[in-house]
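Below, chain A partners chain B and then partners chain C, in two separate complexes.
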Partner chain A sequence: MSAMDPAEVFRQEASELFEVLEGALLDLGQCPDDRELVDSAFRALHTIKGSGAMFGFDKVASFTHEFETAFDRVRKGEIKPTQELISVALAAKDYIRALIEDPQSTDDIIGEAILDDLKRFVSADKPAAPVVEAPLLSPPESKQAGWHLYLEFDSHILRNGSNPLDLLEDLCKLGPCFVVPVTDGIPFLDEMEPEDCYLKWDVKLHAACTKDAIDDVFMFVQDEMKLTLSPLQRVEALAPVPLFQLSEEEPVIAEMAAPVVEAVAEQPVARAKPQSEAKPETKPEIKREAAPARREDGKQERGIATVRVQAERLDELMDRVGELVIAQARLTQLAASGSDLSIKMIAEEIERLASSLRDTTMGARMVPIGSLFGRFRRLVHDLSRDLSKPVEFVTSGEDTELDKTMIECLADPLVHLIRNAIDHGIEDTATRAANGKTDQGRIELAAVHSGAQVLVTVKDNGGGLNTARIRAKAEEQGLIAAGAVLTDHEIHQFLFHPGFSTAQTISALSGRGVGMDVVKRTIENMRGSIDLSTRPGQGTTVTLRLPLTLAIIEGLLIRVGEGRYIIPLSAVEECVELTAEDERSRGRNFLNVRGNLVPFLRLRELMAASGAPDQHQKTIIISTGETRVGLVADQIIGNHQTVIKSLSKLHSDVTIFSGATILGDGTAALILDVAQLVSLAQSKFEKQHINEAA
Partner chain B sequence: MNGGLAGEQQSSAMQVVMIGLGEEKFALDAGLVREIIDPVPVTQVAGARAFVPSVINVRGNVIPLADLRIRFGMPQLDNSADTRIVVIEIEIDNEPVLVGVTADKVYEVTEISQADVQQTPRVGMHWKPEFIRFIAKWREEFVIVPNMERILN
Partner chain C sequence: MATILTVDDSPSIRQMIKVVLEPAGHNVIEAGDGAQGLAKAQAGKLDLVITDLNMPVMNGLELIRALRKLPSAVGMPIVFLTTESNDAVKQEAKSAGATGWITKPFKPEQLLAVVGKLVRT
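Showing the complex of A and B:
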């Protein structure tokens, strides 16, 4: 089962690396001076090359090698990454992806053309004078006889499959090495972990190679080791000087080589940056200035050990946990009806375990939405170029977590929405200028938690929806009668009508009227909803409201007549008793909760419950966002871990239930759809208001 | 229920599960039937269409329980010792859906041959003709082979 196709493993790994590479390249377009970004792009390229060669993707390896060579000059700071260069680099990235995913359909000529472009850019603006950093990166080789290295690996490095001896062998290929193992870290035999690495190495490399060449040897393990490197002078250095340290917190290659004690007077010092000039004897430990916060996060994530798990196994695990939760509910019910104390204790213990197991399993399925947002940056970049509409793309709430299945389902709808926003929403530069707006349009993609829901919004600062045109189109298509009285909101709903498009011309991107209806259907299939709001001349905001999870929720079990129902606990605000006064006001369906009027629904009426109502009716106050609504039930039974089972197609016309679950006694119970109930109560409430006002 | 056998003999004979609804006998294509279970507690679904008034739990799945008697305008009898739920799998919008069907009695699994098939009479029937695939003869009795996809859509 675990024997996966190695090529498949490479493909998976490569697709993650492509994301890193693409992100870094796009970021580089924004801040071309960020060396960290260049390094991360370079690392991704290097890994693709290395693993590609390892898994027999020779074409990938050779192409990437060329790419890397060209890009190396950017890394050395010799040329600036311009927008054009980044566009070519992105094309090169796409070509490598194609080479990996579908080698048959790729054409060598395209690859060569891309490489030519790349080389042209890279060689075109060769600076007249070398940039100041360049000599620092590779200290004058003539003056040195080699390098002195001190290698200290993390003790668990062997478990990750890295072999320090192989690395040393690679090092030897650079030139004659004098390797001395340092054995003082070896513990007593009985304390020794056979899988740990206790040895350290002191290496003198007698070759005039660059520091980069040495870094390349250790590229794959640099997070798991400490490398101390100092140039070997003709006169032996007294002690190794920690020039730069590679550690978990700051795995950054220091940019400067600092001299050993004897070399103080040598030229590199004179060129070194001020802080090392000031006190060269204090073993200058050079760190880069703090990178932007976002990058820092990325670094920390890399430190955390992760395991690749097949998605199906997670789904299976979730199913098993669902079954366990149902079985546990039965046990709890059985224990509660008996009088055996020890059984009750065990039941409680299992309930606790099942609930934490459920949380852990759900947590394992949660993915930050940022992984999805990253993909759209390329989309915006390309669209804005193709349509010559400069667009600023801003994302927020990348760390908002959603169930992985939902993230996958969200990709297509968001592509549609972003395309629409750029193609229809953002006006062209001339129109923007005429309306006194800045040249650059702005698309905001945001995700935020709101109660039991996650709101994903796509907001543009374009021209807004043209209500009159939508209306005209709807009349033309015979969807409404001419002159019918409709609110703007109702008119906007036609956008979700299949085959509806107001675009004057059909562009390559949109205008065929396929899309918004698909978006709506996809979102509704996820038990979410979609809102449109627009302000003429200022832009449009599309809000997707999505449930947090599709699998298990905490629920409140209630009884209405004979039937039992589940209300998602996250929507419940409070429970109050329906007072006799509220009870009397039959005609007026709202109650007074600490001075606020809250409309309520009698579930008994809604569910057509038989039998006499309970003497003391309870009201459960639920809310979605700002709106609060009361639900009147006969009895509140208590908490219930609810495994959501969807209702079949035969019940797809029933809107007040979002699903069903199985109770401890094996019967099915229905889950109330909070959003639907709230809008139902609201509309009743408003009608009543209108009636009263009339 | 041997699916392979049923398939081979499709041309000449058809394996069916014979169930009783009120006074009538219906023959359900055995290929559709997944299992036959004793009655279980049902959960009413408010606002659902009359012929699928409730859901039941079958081995951890919540499935709709259809009442063909309502579709055919028959009186609903209370559950008796003979009442069973026949779980069938049908396609709705190209997706397989499990549906429970209440039967007042389940007789047997049997074969009806194509030779016994009668054309659905256009007149003299108080049922919608599209609900019926055909009418067959079985032991000198007429039995209805219902079109479950149509009935449940």
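Showing the complex of A and C:
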């Protein structure tokens, strides 16, 4: 860690601070009287300013200064955080961010403009504070032979960590000193406070230094001492003082201090002692002292709540765990095939450890989704301003954790969805008023755990999807034949078709038909699924279902003919035997599960499996939330910790598989893509339904 | 070698202090706020504490006052970081028990000079 460049640490830190700042500013827009928010914005600014200057971001510091001054006035209650001020503050924040992250691309003119805006708030009714401090120059004292000092410290000086002996030592560094302790203030022993300082010193400094140099020595204690300073007479300076002539090279101060301590033996001036010990021969002793001290520190470090780890290291760790899980599966298989009980026990133990190691590693990669949500508040703020559609943005489930890679991948899709919701979903104010709705639209962004999945929903209370228009557009683009029978749900799927847009006008934000297909693809690449539901006049909800992690899943291993397949366990609801009655109904591809019709797929047919089917076929009921589908297989083998390996490009068109994994015996098993299988079964089922109805 | 505790909610300032003081032979330990700082001071002997004033959870002034109540911290120098050249702030911190201060922004030499003033090895 110590090798890390502080400036780089600052950049990282600053980007976090900007998020805090932005969050606080946006919240302030909602509740301008919240002191906590003002304080948190102020603190963020303060740190950016303080650290910025230190790591060479001079422009940042001076720019932030104005910003801070403005907010100081807000903090003191002198001005209100109006929407106008917040807009300027957000612009300033962006500018400072650019100054830090990409200084080349910043434009001074923009900076000046923002600064002028800020200054308006600062100096609205108060003259700007004088910036230039008059330098305190002491008159040149070139002819000076030296100084005569009389030092009288406050009695409590030692308690606050100042040591008069250290100060005397520093004074000696300025030139040869003649130091005489004045002991007349020392009380009788029974009256003496052991922590008080009773000594005074009379010092003659034989050096032509400035008064500033002396003041500098006593800088921290100026208010806790009486320093009487007078120029030394030249005659005195020439007087021979060989016995006490001190210079900074000689460590005489130690000996010098020792008698002082002895003279007032009861006076604890603790740190005078180590000075005489700091000689080479005592070094080993010092080292011995240092070692336990360090161990103690190590103990303390455990108290730290978080540690920053490079993302690649976590990825590597996950890879290793993946390999371990595969190796463990081999061991388990080997142990199971043999009869050695002790190996079996070890294999079980390792299986248990590998599984908990996997969970821990995955846990370490989990990041709360709230960090992502924060970014969208700005997006909504800006969009609602640009489109003149007042929008209330509500988020929930910020604590929901997702794999960090997934959080990164989610940002763009969510931006699209939120843009769409504001641009297309929320109606303009006039339309809303005409429909008896409130002026302010509402966008809800929520994340919630659902089994081994996370559901992220973007919900608006706008006009809802116009199914007829989507259908018309799809017909126009030749995607469906006119008059074809389609469910509303199927029609809405065209929104995910590349190049499909029903927006009448193309705005800068959306309507180009790029986006939804990319969103869908991105989500599916994460083994997630996307679903739309809409109610005319009441709004649209887009639901993203995402797996908790990308790397390892719990799977159900099944056999179909010769091949083995994995079904993600999170999608499995139950396993039932395919009854003879179901078996007979060859033409009808659905079965009756406790009174509900569930469509099923015969995996043997789907995989074109050869050989005779097992006598008792098993059905695994899988679900993607609302819809359930049965998969008919020959055998259910059992649970399997599945390390997901992606398929090569050559296999990318095989949609029913989402990946592959390596089994304990070294053979490969394909992982079934639940979302694809469900939609496949559903479309078969719906077609059958429609045909029967017709 | 002196053990120096830096208390600051800004990791970059702590890093800066670490990078400057460690090569000078000091052992630098870190705390992210006053409460953490106090816990570290209670856990082991320190030769110097460098603390920021404006921090969440427990601010610098509260930390200084709390440290001065610790028997183990009698006579231990405490330096605070401040961006204000404002004397009122300095006075307040000093009367809370601070030994000295460093004005931000500071250069490595300035930090070393102040540490040199208060820590003797």
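Structure notes:
In the analysis below, the second predicted complex is superposed on the first by the 393 of 694 C-alpha atoms of A that agree within 3 Å, B and C clash if a C-alpha of one lies under 4 Å from a C-alpha of the other, contacts with A are read in each partner's own complex, and residues count from 1 in each chain.
Methods note: a residue touches a chain if its C-beta (ideal position, glycine included) is under 8 Å from a C-beta of that chain, and two chains touch if they have at least 3 such contacts.
Computed from a predicted structure; not experimentally measured.
Look at A:P6: by the touch rule set out above, it reaches chain C but stays clear of chain B. Counting the residues of chain A that each partner touches, chain B and chain C differ, and the larger count belongs to C. Of the two partner chains placed around the shared chain by superposition, neither chain B nor chain C is touched by A:G338.
By the touch criterion defined above, A:G537 lies against neither chain B nor chain C after alignment on the C-alpha atoms of chain A. By the touch criterion defined above, A:A669 lies against chain B but remains apart from chain C after alignment on the C-alpha atoms of chain A.
In the superposition on chain A, contact is made by A:D653 with chain B only, not with chain C. Across the complex, chain A is touched by residues 1, 3, 9-13, 15-16, 18-19, 22, 27, 29, 32, 36, 39-40, 43-45, 54, 56, 68, 74-78, 81, 83, 85, 91, 94, 97-101, 104-106, 117-118, 120-121 of chain C.
Residues 40-41, 43-49, 52, 55-57, 60-64, 66, 92-93, 95, 97-99, 152 of chain B are the ones that touch chain A when the two sit in their complex. Chain A makes touch with chain C in their complex at residues 1-2, 4, 6-7, 9-10, 12-14, 43, 46-47, 49-51, 53-55, 61, 133, 158-163, 166, 169-170, 195, 219-220, 223-224, 270-271, 274-275, 278, 286, 290, 293-294, 296-297, 299-301, 303-305. Chain A makes touch with chain B in their complex at residues 323, 326, 563, 606-608, 645, 647-651, 653-657, 660-662, 665-670.
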